[in-house]
Structures are given as C-alpha cells and as structure tokens.
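Here the chain labels run A, B, C and D in written order, and each chain numbers its own residues starting at 1.
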Amino acid sequence: MSNLDSLIQDLVIANRILAREEVVDAYGHVSVRHPDHPDRFFIARSLAPDLVGPEDIVELGLDAQPVGGDGRQLYLERFIHAAIFEARPDVMAVVHAHAEDTLPFGIASATQLRPVIHAGSFIGPEVPVWDIADSFGDTNVLVTNMAQGRDLAKCLGPNSVALMRGHGFSSAARSLIEVVRLSVYLPRNARALMRAKQLGGDIKYLSQGEIDARNAGYRPYSPETWRTWEYWANKAGCGHLLTRPDDAPKG
Amino acid sequence: MSNLDSLIQDLVIANRILAREEVVDAYGHVSVRHPDHPDRFFIARSLAPDLVGPEDIVELGLDAQPVGGDGRQLYLERFIHAAIFEARPDVMAVVHAHAEDTLPFGIASATQLRPVIHAGSFIGPEVPVWDIADSFGDTNVLVTNMAQGRDLAKCLGPNSVALMRGHGFSSAARSLIEVVRLSVYLPRNARALMRAKQLGGDIKYLSQGEIDARNAGYRPYSPETWRTWEYWANKAGCGHLLTRPDDAPKG
Amino acid sequence: MSNLDSLIQDLVIANRILAREEVVDAYGHVSVRHPDHPDRFFIARSLAPDLVGPEDIVELGLDAQPVGGDGRQLYLERFIHAAIFEARPDVMAVVHAHAEDTLPFGIASATQLRPVIHAGSFIGPEVPVWDIADSFGDTNVLVTNMAQGRDLAKCLGPNSVALMRGHGFSSAARSLIEVVRLSVYLPRNARALMRAKQLGGDIKYLSQGEIDARNAGYRPYSPETWRTWEYWANKAGCGHLLTRPDDAPKG
Amino acid sequence: MSNLDSLIQDLVIANRILAREEVVDAYGHVSVRHPDHPDRFFIARSLAPDLVGPEDIVELGLDAQPVGGDGRQLYLERFIHAAIFEARPDVMAVVHAHAEDTLPFGIASATQLRPVIHAGSFIGPEVPVWDIADSFGDTNVLVTNMAQGRDLAKCLGPNSVALMRGHGFSSAARSLIEVVRLSVYLPRNARALMRAKQLGGDIKYLSQGEIDARNAGYRPYSPETWRTWEYWANKAGCGHLLTRPDDAPKG
C-alpha cells in the first residue's frame, strides 16, 4: 500500500474514531495535509464522519477549493482547515468539532479552559476563545470564507486549540494521530475541570513544566500513542483499516 | 414511490431518530401535516416511537379524531398536534417529548432557556414556558382535549418551542427534517447553558442577528441539513428508508 | 399459558428491564406476590437481574424463606420484600435497587426528593429516607433480617418509595408493571430536580392535586402503560416474552 | 485447567471488565501477584485492556522487569504495580486507571473523597491524594521508575486507594475480584458524593463502624461477590472465560 493510500485510510479511521467518541456528530470534520504537496490537504466531502470511506476523501488547496475539479459537495467550513494549514507550516492535521462539553467554556466568561489532567496536556497552557462576532458582527456563526478562517487561525496563533464561542473548537497538531487524541481528550479535560470547580477550593492545573515534559516526550508512533489509536479504531469498528509505518517502533 | 408514501416513510424515520437520540422514550410523538389536505395530519397510533413502522401511521383531522374511522388506539396527547396545526398554517411538523435535559428549565424559575450554541439557534430567541395549571388547575398534566391544546398553542405563539412545566416541550417547524433537528439539538443547547451557568460569569447567548442569519440561510434539503438526517437515520438503523425529493440539491 | 407462567415471565421481563435501564446492576432485585397465596412471593435466586430466566425464579414465604425447600442461594436482602409484602396487603410488587441518581438524596440533608415531572408522580408526594443506623447502629448497611426489613417497611408506611441512606431505595406498587415504571422514572425525576436546583430560583413541584389526578387515572394495562412496558421489554431484548391478559384493553 | 491458567484467564476478564465499565480506556492496567512466587506478578503487555487475551500476559519481577527475557513492549507505568506489591505483602492485585469521575477529587482541594454509598465502603475511610510534583517536581506526570512507584506506595500506605493528582488513581486489594469491584464502584461513589455536595446540607458518610462491618463480612468468592463478577464478565462479552475455584461456596 502506498504511503498516500495509507494516509487516506488513516483519515477514514480518524473520521470514525471522532464519531464513535462523540467528538463529532453529523457536523465536524478532520483533515490532513498532503505529505508531498504542503499546499494541499485531504478532507471528506460533505458527509457525516461516521459514514466516511476512502472514496469520500477530496483534495483541496489552501484556498479551500478542490484540486483537479472534484465537483462534489464540500463542507461549508473547510476554510477553517485551509486557513490553519496556511498559517501554520508545522501543522499536519486539523479537527473542527462541536464536542458538547467544550461548549460551556466558550459561552461562560468566568472560567478558562486549561489542562488539569495529564491526558489534557496536549491542549497546551493556553486555549484562546475566538468570537466570530468580534470581527464579523452578526453571522450564521459558521466559518464560510478565507477571511473568517484567517481570523480564527490568527487567534489560534501558536496554540493547539482555539475554542469558538457558541460553536465548538478547532485543533491542530503535527499528525493525524495527535490531533485525534487531542480532540478526544479535550472534552474529558473540560469535564474534569467543570466538576473540580463544583467541588470547590483551589484547582491544581498542570504546571508549565509538566506540559513541556509531556510534549518533549511525545512521538506519534510511540507504543503509548499507537495503543490508543489501535483501541479507538477497533472500538469504532475499523480496526481492519489500521496500518503502521515500517519505521515505527515495534510494540 | 408516491410523495405520500415517501412522507410516511420520513415520519417513520423521524420516530426512530427521536428514539435513538433519546428525545422520546415510550412517550413523546412526532407528526406531519398532510401535504394535500392541510386540515389533516399523520402520526403514529399509540406505540413507542422506536417500534413504529409505516403500517402504524394514522391520519387525523384538526379535531384530533381519525379520518375514515380508523379504530386503533391513539396517543392521549394528540391534541397538542391538532391544536398547533390549527393555529399555525406555516407549521408542517410537530414534536412533543419529555427529553430529560429540557425539564429543569420548565421547573426552575431562575434561568430562561435561550440559544447559546449555533445548533440551538432554531429554537428561536424566546422559549415560552406553558404551565397547564395556570388555566386548568389540577390535572394529570397531560394535554387531553382541544381546549388544553389550544391554550398551549396560544402560549407557543409564533415561536418554535414551548416548554411545558413538569412535563416536557412541544416544537413546531416547516418540515419534518427541521422539527427533528430542532428537537435533537434542544436538549444539547439546554445542557450547554446549564453547564455554562455552573462555570459562572456572564453568558454569551446567540444574538438576535445571529439567530436571524442562521434562519435566513436554512433550507430543509440543503446538503448540511441532509447530512444530519442521513447520519441520524443510519444511526437509528433505518438508513434504508431514506428517500430524497427529485428537486433537492445533489450532495 | 397459565396465569402463573405468565406472571413468572413478566417477572423475568421486569428483571431485564431494570438492568437495561440501569436501575439495577448485579445488585438490586424485583419481586411479585403470588396471586393465589398472598403469603408468598416470587423473586430470582442470587443472580444478576440481567441474567435471570424463568428457571431462576424461587418462591418465598413472608419470612423470606423458600417454600418447598428450594436450596439455591438467595439474595441477602430478600427480607426487604418479605417485610413490605407483610406490612402492605395492597402491594403486589416490590423493587429494591441502588440506581445512582437516587443516592445523593439519601446522603445530603438539604433537598427532599419530590415529584417535579409528570412521569415522577407515582413516587407520591412524600419520599421518606430510612437510615438503618437509626435503629441498628453500625451494620454492613444491608437489610439482612426481618427486624431490619420491618423497620424499613414501617418507614415506608403508606408511601410508594423509601430512600435508604447510603444504599438505594425500595419501591412498592399494585403490579409489576407499575413498580418497574415507578423505579425507572424515579432516577429521572431525581436528575430533573437536581438540575433544576442548580439552575436556581423557586422550584415548581407537582401539586398534590396533580399527583392525585394522575393516580386516579392510572390502570396497569391501559394502552399508555402497556406502551412503555412493551418498549422497554423490546429494548431489553425480551419482547418475545411479552404476554397480555385477555381482559386488557386492546391497543 | 491449572490454577495458573485460570488466574491468567481471570486477569483477562479483569481487563475486559475494566474497559467495559469505563474505568480504563487505552490507558490503565490491572495486575495480579503470582500465587507461588510472591516476588512476581502478571500484567498485560502494552495493549489496550479491551483487546487483551491470555497470550498478551507477561510476568514481571518486583523491579518491574520481565522474568525470563520477554522482549515485548511493556506499560510505562508498570512500576506502580511493582512498588505496591513490594510494599504490601497483603496485596494480591493492583489497578491503575484514570476513571473520569475520580479525577476532580485529585484536582480540587476542598472536598475529600470518602465512602458515602455501601458499594463504596471498600475504598476505606481515607483516600490519600498523591501529587508526583511534591517529590519529583516537573515530570510528565507518569510513574516511570521505581523511585516514583515507591513514593506512591508510601502515600498509599495501608489504604486501598490513592488518588493521583491530575492523573487518576491506584487501588490495591487481596484478590483480582476485589480490586476490580473496588475500582468500578470508586467512580460511582465519587459521583454520588459530587451530586450530594451539589444538593447541599450535611453529608452523611459511611461510619467507621459500617466500613468495618462490611469489610469483616467480605469474602472474594461469596455468592454476592461472584454475582457481580459473573455479571460484569458477561456484559464485557467474556462470560465464557469464567472459572470458579473448587472450594468456592456454591451459588
């Protein structure tokens, strides 16, 4: 199997995992940058992630338009992906979703979303909140053009996640495996923080040093990372699609 | 397949989706107005929505009585549907349900249910709370005659949703797809608002302009709307019942 | 099928429903009084309710001992059932369970569990809290003899449900269908009340008149009651065990 | 089947139960001490617990290194198990996990996790909170060597559970069945306490006498303990792996 075929298959797995783990429903999407053409990326056509197969993947340019004239219906919000890939050469994969327990942190002003559990460290020390109304006034709250996408990407800055007020979040990482992991643990970290707030008293967040130590030790195909990718893929019913690069550490 | 057969099939799908998404259990129901006879509507006989098939659909008049002498047992609360169809010529579909997370907003006086997430915009800027006791005193809390149904419809007014104190909600929309979507996202919006309240500080609701912008752009068979209908139908195990009007935009 | 066989089958259905609806796990049990011998009742042997079949049902006397020398292992807490059947000739079926969301109301002193939703009306206007320590000091918190069972039954009095501090609840009704329905909606009512409290402001409970009106209209085999029994049985995978008395109203 | 084969099979069941009951996801693990060589223990290789079979079990020494040169990838945090087995000769089985609802109690300072429900009694009267930063400063928050493991074991002391700040918990018991039961009911007890706190007023915890009475009466193969092990194993799809010691009381 070519590297590209295997990447497309990984993108299918990512779609199914995000659906199974309730990060996305019919809305929300995940993309991966083309490994050979950094000005292109892969994403599904307009379809619920749980129903996505390899044949549903389209190739878009950094203007969010299809490469090679693919005429199929596209996600309205593909501009989120295009703008983040444009602004962040280090980013290889992007998720946009509406996971329910991330929403309150974009709506209520009093509590900032920050990592409190080790699995949440990859969201990074700061999670900015982007409000589309600040620059664009009254809209349908969706990111439907490059100007809006670029405004969001600017708010995201060098971070891994930006919350979107009344809407959801966008996350970015160095690989598909990382962006999926980040996006699954983001709502879990949000719930742990919400409940800790209800219990009351001082909250112990992860320290900057702990966040750095975890980041420093992270490798996308380490046995620990693979373990959860393999587990989630099986849970989502697509364990048979799993492939592992030849140069990955053996489990 | 005739338009009517296809509408009945859509009504079956709507029943199954509402059950699968936990908007209804054995109680709660969904109806659709007859496209050719605006003084009639379709609804299941007295049966849990998850078990409803095409043969379980009955045709009622705006007095909530069966057309053509169908003798099967009917929902006690079919008057909700009749009264809303009577009062609102613009409405083509109605849901009544007890989705758990909508209940607290009909019970506690301090917090008004309003849209805080983009998927919740279709509930509209105002969600009135109807208390059956205000006009009818001590009852079994069910809407079991036209007078009660009309009182509820009056409270609903031009809105999309009315909460019913200690009971649930009724929602109304221009199409089956819309009323299902509205009813699935209503409890999600309720949860986001409840949790935002717990986080504390100012709450950012959707603005009137945002609600209007989302409404203006909405079409029942747009690819975005179809995407979630298709997803939910598959998740509910009735993807094979899906039909799409010939004049719908292609996905 | 004899009435007794059909009753045993209903008891199996009740076990499975309570498991599927997460009212019980491996612990918790449901019993039904013998229709011809009011001093006996049926209950499963010591087995998780989800695994119970007709062959697992045992017949006990009001001393909680097996009739006819059945030597199989019994539930430690069968005394709850015996004592309630003894004290309440009107009661035909009993549930004891630890449904998670009923627990906080037995632990925290500030909020009394009362009906706030129409489906919760059958818990009645008052839900006493029984604390085993009040009469028996430090125990293993289980009801393991008739003295403890009778103390609980006395606390229950004429009500439908008693909470048990740090343990769970016991509920009693005129039929299996009723006690199951009561027990499934009890935690739902508890959640609605908990969340309403969090939203704040005055809470609107069901009025005494509403509770009475609902009770007055209730019949175990009415189409509305049957609808949920049929739904839950199918959901629990035992729809094939359903039987309906010949004299029940037709659906 | 030899006792050892049957123990390994029990360990597989324990893995699957912990996954099914959402105590672990891809992370978290369970171990059991070798019955004949108290300086060794069994644990899965680096694999998600839900995917573990008998062939995935490895044998480690109390230095957390494989016995007999097994070269397969191991859990990074196996030192937790080694250190607890080293410090506590009475302990035969250990779980480490990140069950979501235990996390807030390790993050928020105001509320101590203590048993409030009878099923939670086995967590014991005191649940210490271990913060890896206290002795080791900024780390990746994982227990990756014996020094860290021993520090955790020291904090655990004679208790059954230690919370780990921003990470999860470790639990220890006299048998696999007990440690699984303890670990499944721990988050349930945590939720009951969290919700009781929200309801407000005084909280009634289990008394020391109640905790003692429950502990005194506990036997790993009593019918009551077996009932839940059998139930959970079936629910997790591995009821066919169940074995019961010849000398266990008959059900």
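Note that a contact is a pair of C-beta atoms (placed from the backbone, for glycine too) under 8 Å apart; a residue touches a chain by one contact, two chains touch by 3 or more.
Values in this document were obtained by computation on a predicted structure and should not be read as measured data.
S.K.: Please state the rotation angle, between 0 and 180 degrees and to the nearest 5, that superposes the Cα atoms of subunit B on subunit D.
M.R.: When the C-alpha atoms are superposed, subunit B turns by 180 degrees onto subunit D.
S.K.: Which chain has its C-alpha centroid at the greatest distance from the C-alpha centroid of subunit A?
M.R.: C
S.K.: Please report how many Å separate the Cα centroid of subunit A from that of subunit C, as a whole number.
M.R.: 46
S.K.: Cα centroid separation between subunit B and subunit C, in whole Å?
M.R.: 32
S.K.: Would you please write down the residue numbers of subunit A that are in contact with two or more other chains?
M.R.: Residues 197-198 of subunit A touch two or more partner chains.
S.K.: Graph of touching chains, which shape: line, ring, star, complete, other?
M.R.: Looks like a ring, each chain touching just two neighbours.
S.K.: I'd like to see which chains touch which, written out pair by pair.
M.R.: A-B, A-D, B-C, C-D
S.K.: Quick one: which bits of subunit A touch subunit B in the complex? Just the residue numbers, please.
M.R.: 25-27, 45-48, 50-51, 72-73, 76, 98, 100-101, 103-111, 131, 133, 137-142, 165-167, 194, 197-198
S.K.: Could you please specify the touching residues of subunit B with respect to subunit A in the complex?
M.R.: Residues 116-119, 121, 188, 191-193, 195-210, 212-214, 217, 223-224, 227-228, 230-232, 234-235, 249-251.
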